[in-house]
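Handing you this structure, nothing more for now.
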Amino acid sequence: MDISVINSIKDQFNKNEATYLSSSLSHRKSALDFALLHNFPSRKNEEYKYTPVDRILKKKFDFEKITTSKTTALHFEDHFYKLKGNHLVFLNGNYLPARSELLNDVCCQSATDSDQSFKDVFDALNVAFCENSLKIEVSENYRPQPFFIYYFYDSEQGQVFGNPNTQITAHSNTHIQILEKTISTGNYPVFINKKVSVDVKANAEVNITKIQNYKKHVFQVYNLEVNQDTQSKFNSNVYSFEGGLIRNNLSINQLGEHCESHMHGLYLIAGQTHVDNHTAVNHTQPHSYSNELYKGILDENSRAVFNGKIFVRPEAQKTNAFQSNQNINLSDEASIYTKPQLEIWADDVKCSHGCTVGQMDEEALFYLRARGIGKNQAKALILIAFAKQSLEYIPFEFVKEEIDTLIRKRLIG
Amino acid sequence: MSTDDQVLEEFTSKEYEHGWSVDFEADEAPMGLNEDIVKFISHKKNEPEWLLNWRLKSFRHWSQLEEPKWSNVHYPKIDYQVLKYYSAPKKGGNIKSLDELDPEMIKTFERLGISLNEQKRLSGIAVDAVIDSVSVATTFKETLSELGIIFCSFSEAVLEHPELIKKYLGSVVPAADNYYAALNSAVFSDGSFCYIPKGVRCPMELSTYFRINAANTGQFERTLIVAEDDSYVSYLEGCTAPMRDENQLHAAVVEIYAAKNAEVKYSTVQNWYPGNKEGLGGIYNFVTKRGICAGDHAKISWTQVETGSAVTWKYPSCILKGDYSVGEFYSVAVTNNYQQADTGTKMIHLGKHTKSRIVSKGISAGKSQNSYRGHVNISKRAIHSRNFSQCDSLLMGNQCGAHTFPYIDVENSSSQIEHEATTSKIGEDQIFYCKQRGLDEESSIALIVNGFAKEVMNNLPMEFAVEAQKLLALTLEGSVG
Amino acid sequence: MISIKNLHANIEGKEILKGINLEIKAGEVHAIMGPNGSGKSTLASVLAGRDGYEIMKGSIVFENKNLLDLEAEERAREGIFLAFQYPVEIPGVSTTNFLKTAMNQIRQHRGKKSLDAVAFLKLMKSKMKLVEIDQALLSRSLNEGFSGGEKKRNEIFQMAMLEPKLAILDETDSGLDIDALRIVSHGVNSLKSKDNASILITHYQRLLDYILPDFVHVLFDGKIVKTGDKSLAMELEEKGYDWIKAEHGSLETI
């Protein structure tokens, strides 16, 4: 890392030190040391070849100018969905239990220390800087109301470096639905280094839906790590519309037999938005299943990157794994980099992946126009139909509507 | 024992048929690699000054590079100083007629099923035979030269047609391209040169047959094919090597230049010694093959059947520069025992309306690892381009692995790309069905595997398709030969 | 031709065939009927030599040879043919190519010379008419994308080409409409001779209107519990299998 960046980060840590729990300090300091010994990934790093975080941050974010303000003019409750559920609030990367509304009897604590280990620079920075993390634990056989987690960022006073951390444990036979949303205000750049870990125990089901509609000056690296036990189910749905950088790392470890994982994503991007979805599913036991579908429509100068890894270990016989990435490129200035990846060591399996990049279906376009529908409207209809396929798996009706509106807005204007 | 286990047992029983070696008298360079060796090689071949300089520049460049580690293959570090970089059978090369050829050598080729006797025009295929690093005979030269076609050893071409070599050498694979290309550019010994003049359709298949014989030598061939406007040539490369306990290095470079409306078909049936059942020995096959469709409407098609080598690292590629040019890649890669293959292709679309097609079939057995690595790059200017890729893997047993790493980069909005990959195994139901019709286990598997690889096999020149099919079946019976 | 005595067979530790006794002579057509789960397909698989079944007791003697000693392909070469209930797909391998390979291996086994391409095609053309199958279907990958009727007709076509001594038709009529049934039956009837025999495994008596059986056996709970002629089939059609179940105890759920 650049010496100036190192110093700015060290400064920032020192300014925050007083707010950290003293018992956590030594661990945080080790994390900080680890982070500063490493670099933000660059083009030379295979996994970040098309998303050089170091360069992006260097150009767009200044660690020296991070604001120390802890107040905000935001009225959190105004942004809550008018629905029965648990509404949890983060501000600038810290969980605020006092401003959250818990409905269910679930263990929902804030943790001011961390025993997390750190494997890369993002992990380490998250451990060092996250003041208050959120731990949700749902006990066996319990079915709580949905969790709405709102990540607020206020960069009115200066740049914000947020490190939210959420840990979710779903014990046996539970069923958890989570909706994540980010709301930002202010014009200074925001760099979000987000970490969410999910533990899905036997026979449990967790469903996470994420809406990513940020501003141009918001840059996010989001690491979502999931461990699944026998007979569990995990669903991830991510919808990305705008942002300076949206890098989603999703890693799923299927540790038991008969696990099921579904991953759906949609990116509808324009302007200079850069979305990068990196997913990895690790099948380690027999009779497991995974299904992935990511769709994208790119316009203007946007850039989309997709890398889906499927690992099938030697013991994971009778695994079925399917993956598909479909892209429509509307502009000559937009670029798509996709790399579906299969690493298979078991033979009694069914695995396939496919990806397409192209334009709209000309036949369909002509059909609509031949029925009297104007060209632009026909295009919009086709694109909307293309995009909406990924909405099928969202468990919340209102969210489907919200995303539908966003889609129409982007495609029709 | 279950059917699968029995079948797998049988796989590891047969032996590599071509594992024998012959004692020729050989002319060799001392062990090791330095500028003196490079000069030694160049001197031995009476090369002009400009070529020696080209070699030296490549060598200096290589010395500064590091061996690449990104591929999915693992092997002990190669000590480049314990290899010999030149070994030529004494009675070979520069011969005027087959009578001059060492009779041992003629027998060698007959044993391999290669006819050097021009009188035997049954196959009508012109052959350039290369033992170790030296081209020993080329057939049908006169017939071809009447059409203006030049088909001779690379060394000969340097002496007889220096202006062509100078123009095209390194134009598709520059010495600085990668580690092995640089090494090859410094110490290449021989290979084939082929030039098809404007408007000429080469009337027969051209073929080069490589054989590594001497121990502890690296084989560094350099092949250059130039097809001028409106020409056509179909070229086949075959290779074998004796069984030895040590690994042998094969780092070749093939460059193809296709001008406007030209078409070059390059087929390879690679059968290098793959190492024994315990993974001892075997050829390290690190090859850089690239073709450039320099003119509009040019077409280059790579077809390969890879069954040998302990470690394979090769990515035959096409640079689609001319508008409307076409690149194709058809491959069947079979790995067994402890073989490792990391192979694939690169299709670089630069021109408008360019098309590429990739069909890759991988078959893994034993404890082998078979990876497909592909790169399809549609640059901004390459509007209205299309690519279709199909990568299928067949796994036999659960101790092997099949992996796919396709990279797809698209930078314009008018192109169409489709990529599909599947992984499967031979179903017990399929085997039982065949058996119930009277086929035994081996025949059933051979039938199913050939069906799996059919699309690729159909692209081989007919004469070689039959050989390749047999080779496929034999490979999976535990042998490679 | 084939003599099955006290055959007991297990799969995955469970006993399915509990003492089958059956004698079939050349020139005969035997129908085996029974409710689902009675062991019909198991019997077919065991006769054809499919792996996965454990023979606990009993013997099968086919043309004076101990069938249980032979591998599946050896049984095929001896003249046993199984028309599968669900014929499998083999991509990239055409029916033509498949049959030629199989035929020549069988011929080799019988000490005959392999057929060359011309002779093979001639033979194919003559048999194709029998099941109204056309050349185009035969050049496609084996069973890939074939309709149910096409798959079954392909099975009978193969039977016509391979000329087996004992043909076992496993629910050949399932999923067929009247026309397909007619074509398939016509094929089977044309191949009948005094030197060969067939076993028709079926759930419904409908097939037996087209292919007249000499004997009808009812398989229930792993044993042949009744043997009769065509009238037994009619009785089953009228009354269903309940009266059999009542007579011999209810079927264990599998």
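Details
The first chain written gets the first letter, and so on, giving A, B and C; residue counts start at 1 in each chain.
Assume a contact is a pair of C-beta atoms (placed from the backbone, for glycine too) under 8 Å apart; a residue touches a chain by one contact, two chains touch by 3 or more.
Because the structure is predicted, anything quoted here is derived from the model rather than measured.
If touching chains are joined by edges, the resulting network of the protein chains shown is an open path. Central chain assignment: B. Criterion: smallest distance from chain C-alpha mean to the mean of all protein C-alpha atoms. Inter-chain contacts peak for the pair A-B.
The distance from the centre of subunit B to the centre of subunit C, each centre being the mean of the chain's C-alpha atoms, comes to 48 Å. Chain centres here are Cα means. That of subunit A falls 57 Å from that of subunit C. Subunit A and subunit B have centres, each the mean of its CA atoms, that are 44 Å apart. Within the complex formed with subunit C, the subunit B residues making contact are 2-3, 427-430, 432-441, 443-444, 447-448, 450-455. By the touch criterion given at the top, residues 46, 312, 314, 317, 327, 329-332, 334-359 of subunit A touch subunit B in their complex. Only residues 70, 378, 380, 383, 393, 395-425 of subunit B touch subunit A when the two sit together in their complex.
Every residue of subunit C that touches subunit B in the complex is listed here, in rising order: 48-51, 71-73, 75-77, 81-82, 84, 87-93, 97-99, 101-103, 105-106, 109, 141, 158, 162.
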